[in-house]
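Below, chain A partners chain B and then partners chain C, in two separate complexes.
And now, the complex of A and B:
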């Protein structure tokens, strides 16, 4: 019994940043990298299933990315993942979420898990498409925005709730193996202990190439993508009128706005 | 390849308003008077949505009858793929929404169509369609194109296009659903509720807290502050997820729709895109945040950069 958890090492922008000379991305020096917040929840969901199961469950984390993505995988190992796989080849550079999905699907074919979890979206580019694209390339049942899950390892079906707009949940049943994209708040992700972090640093990370996965270079990167970045630019700043002054002056102005708009409460 | 195909979204018997925004967006995408705008509605009784879809700008409504009354990914995927093959549209528009998260990428990945999500602007340029989306937490804009793609699927962000006014009499055609074995089936809808019976949908003045409050023990002082200034206390997703406030107090797209809200004071909320999208309709938003670069300032009317604890302590003195 195995659960594959697809994770991403996301990038956030430093307070000051510059667009790369080709105008298509941000200079890498200005990017602060971390494990995607959603993936913390999918890994935890897999760990919960592993820990409550009566049969052995292996949790495998997979990440598509260059060397520095090992950091995200080490975090998963520190939190209890049994194995970590990283896929990289220079040809993967410039891939959109669909080309990335093709690689995750290839890893899933190789690993044959009973369940595949991915985050609903990543905090950096919020495509909200990698997990479901992976499912379709595998021809697996799939569901998005899962906010609770009832699943016994090895079972033919699982019951889940997806979170709709406006505070409503939709309970559904799905055939397994399946791909589920996991929403924030489905559980409370654990912190890794210092000891576990140290141990994870020594654990091996399996690195796979396109050749290992049998994926042709033309099926990844720009040629394997469904869209291509033309230009990245900094939009004009928001239109908020900034209230300046001392703390007291700011609070006084805020109080005035509240009294005017809320009909003079208090 | 011509024409625009829109996939309607509905829930519990009602058309979701974002569908009509897509109709407005489709007008912008028309490249000539002969370019047809077709809206497809997939349901167990699709014809009941025809009146709501007969709005200005719609040339044709396709009704597709399937077994499930509500959204289910396998049948949506199969129907949309069959439609694209049959109609060969240049553009397919879906909302960037919980439902489309469940099937749009699947359609695009297996059909190898052009594809972009969370698009808030698009136009045809000399060398084809260019779509704009945000990146790095909405701090940059990204223009993407789709070289060599005859059909492009775009998931459009809600609240970016103004729904059309006026009605029309589009032709209504039944399109037979392809055979599909659904592997996912709906059971029931559940309203999120909690012991604390606050009705965020009725609140006119909301003071909401986000991650900026730091610790659970700080919730109490903002509860008090909200009471003092006469506001209903709300929160962003991380606060509800952490259990510091009940889910019924969460506002933003996945929380309660704060439809009556006129004044919204956001304290320590940086503004994830779903939060911004869910609160954009409020006429007066005041954002207080320590980070001058917080996304919430892009939708706020007034902004205060500062320490939320200091500001709220000073604010209390005025009431």
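And now, the complex of A and C:
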């Protein structure tokens, strides 16, 4: 019995950040990296199932990313994941969420888990599509925004609830194996003490290449993606302006602005 | 006076040989029970973890003897109880030596070597000394009875803040019965001793070598005179003596046999506890050995033998209970009850022949003898308990070691969890970017040196609150200006500084503490500076006392001593006399932890302030409530807070103008408490630095900048 948990090392912006010279991303120096908040919850959900199960359950965390993503995986190991897998190859740089999903699906095929959990979305890119795309590539049933889950390891089905608009809940049953994207608040993620994180440093992280997964380089990175970042920029702000002068002058200027705008719309 | 060697005390006169034999059998049985009890207790302590107390045994022993003989710690903050205990102690010790002397003469030297010395003049002096010792003992015991029975002292009230009356281990009447049994047994032994002496005198009134020297036992003689005046015959005296002798003797032997099983054992455990005291118990918390798999204490056997001895040393005097800020505001914590709970737990689990399975040794929880997480998280690690304990019980490391286990399990307040993660990620508790650590310097008209780039004399370790809290930034800027004006060559670490870790360690997040301490030590190792200064007593404590164990030994001072030196050396101009009526709050980590009581007071004197001390000051200062990571945990809504309690204490000082603090967290806590206790407008809370700035002429740097046309 195995649960695969897809996690991501996300980037948060530091104060006074700068955009990279190529204008497509933030300068890496200004990013603070951490495990994606949603993934904290999906890992916890897997750990809860593992800890309440009467049969052995293996929790495997998988992350697509360069070496510094090991930090996210170590946190998962510190919280009790049994194994961690990191997939990387320079060709993966520039992948969109679908290309990433292709890699996760390849790992899922290799690991053959009974369940695959992913966060609803990542806090940095917010596509909210990786998990669902993985399900599609695997041709597994899937459900998004899961807020509670009842699942006995080894069972053929799982029952869960999802959030809908207007506070309505959907209670559903799904065939396993399935992909569930987990919503914040489904549980209370445990604290990974620094001691546990340090001890996790001694645990191995399995690093897989494209070759190991049998994925051709052309299917990842920009060449394997159907969407690309054109540019990243900070939108102009501060369109309000103070009108200076006497009451008459202010009124005249205001009237002029209204005419300009109204004229433009007409 | 009859000077003859025949003067001595009769021991077994008129006893049948079988009675004497019976007495010896009972005596040896009592000693055997005593020895068995000692064995069980020692076996209990040996089930604790190993620890190296350090230092030479001889110096530890002499210091302990000094403390015991002077009763220094027993008399603190309760001189009357101290005096009474001193009477009991010296009375008991003299009587014990007296009894041992008889044994030496009668049972050892006599039978073995035929040597006898317990007679004649020596006996008479012996008799006098012991009579006085008995009076001392009885006097001390009577005071203690009055104290327990009639004074209704809150610290002797065993009501538990950490239990509900319905809990199985709420009831402490067993302890109360034991207290009284102890007092009554001792006083009965002493009193029957006098009566015995008196009836013996009456019985042997015809013998000149007895009756003639009766006034060498003044108390017994006076009683004998009274008995004879009341009509007691010699023969009646003899009969009473025969019976009372057995009562007195058996009671005394019972007392000896029960020592290891009752509170009487504090005679030994308190001495042992004092001998192995750690003078930096709260200031320098124990490291977790690298090879240790578990962090912190989960099982009773995870405590060291010294801590297990601590548990038994407690005499329930209640001084920690009285001093504890958490207890004072109704939080579910009394340091005394933590110790007593664990003691009950240790007695239950570790006194049997075999060690119970691990599951029964877990000290965490709500069961009898266990300690609840709410109790552990209520602690401010302010050290008030450790500081006042007369028998060197070290509560703070015990509590922190239990917290380490809670942290490992994630059993903590969500806000605390978040703060710890934030500190790990950003290196500060404010969740601000590292780059913003020195943002406060931007408002200054001069550039603060970057100690990472150039050598400085004084490295200023700023700390989180002084760096990021907007109110404290004003103080930080004022201190920078003071240093600049005084011509001190100083610099800061800018974004190279991380939270010093003092409070992280006291929360029990030892792993994160190690990361922070190692990171700061690594940063400091590469730099050139002569000494460190900080305005933050928390950073001061950990850098001073705990960094050395991680390889960082520095000369560090709190700003109060540096500032005082600058003022005394004339580097800071003579201040204007403020003439304010002020009171001073000793920060735990500056005062109690590091004995920095004088410098801030001396500065206040130089400022011409009239210092009115609060009742609780210096070593007995009352925590603001922020220590031990409590500043990162919300206080229960509607409950009283230590800072409120303190504000009420200050508010009764007539005409108080300024409540002076010298710690960033104090400023935050007390400014808030000033408002919430409705004292706003009556007096103000100020950092000492602000008072100094106020008393000085315009800053030279600031003036220079204002006059310069380019600025």
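As a working rule, the second predicted complex is superposed on the first by the 233 of 266 C-alpha atoms of A that agree within 3 Å, B and C clash if a C-alpha of one lies under 4 Å from a C-alpha of the other, contacts with A are read in each partner's own complex, and residues count from 1 in each chain.
The rule is short, and it goes like this: a residue touches a chain if its C-beta (ideal position, glycine included) is under 8 Å from a C-beta of that chain, and two chains touch if they have at least 3 such contacts.
In this text, all values refer to a predicted model and were calculated from it rather than measured experimentally.
*Asks:* Quick one: is A:40 in contact with chain B, with chain C, with both, or with neither? Answer first, second, both or neither.
*Replies:* Once the two structures are laid over each other on A, A:40 reaches no partner at all.
*Asks:* If you count the residues of chain A that each partner touches, which comes out higher, chain B or chain C?
*Replies:* B
*Asks:* If you stack the two complexes on chain A, which partner ends up touching A:194: first (chain B), second (chain C), both, or neither?
*Replies:* second
*Asks:* Per the contact definition in the header, classify A:32: touching chain B only (first), chain C only (second), both, or neither.
*Replies:* The answer is second: A:32 touches chain C but not chain B.
*Asks:* Taking the superposition as given, does A:15 touch the first partner, chain B, the second, chain C, both, or neither?
*Replies:* In the superposition, A:15 contacts both chain B and chain C.
*Asks:* Both chain B and chain C contact which residues of chain A?
*Replies:* The answer is residues 15, 188 of chain A.
*Asks:* Which positions of chain A touch chain C when the two form their complex?
*Replies:* 14-16, 32, 34, 188, 190-191, 193-198
*Asks:* Any idea which chain A residues touch chain B in the complex?
*Replies:* 11-13, 15, 19, 26, 96-98, 101-102, 120-121, 123-130, 132-133, 135-137, 141-145, 159, 161-175, 178, 181, 184-185, 188, 226-235, 237-243, 247-248, 250-255, 257-259, 261-262, 265-266
*Asks:* Touching chain A in the complex: which residues of chain B?
*Replies:* It is residues 11, 70-74, 77, 96-98, 101-110, 112-118, 130-131, 134-137, 139-147, 149, 183-192, 204-205, 228-231, 237-238, 240-242, 247-248, 250, 253-257, 262-263, 265, 273, 284, 286-288, 293, 295, 297-307, 310-312, 314-315, 317-319 of chain B that touch chain A.
*Asks:* Show me the residue ranges of chain C that touch chain A in the complex, using the header's touch definition.
*Replies:* 288, 295, 407-408, 410, 412, 414, 417, 420-421, 424-426, 432-436, 509-512, 514-515
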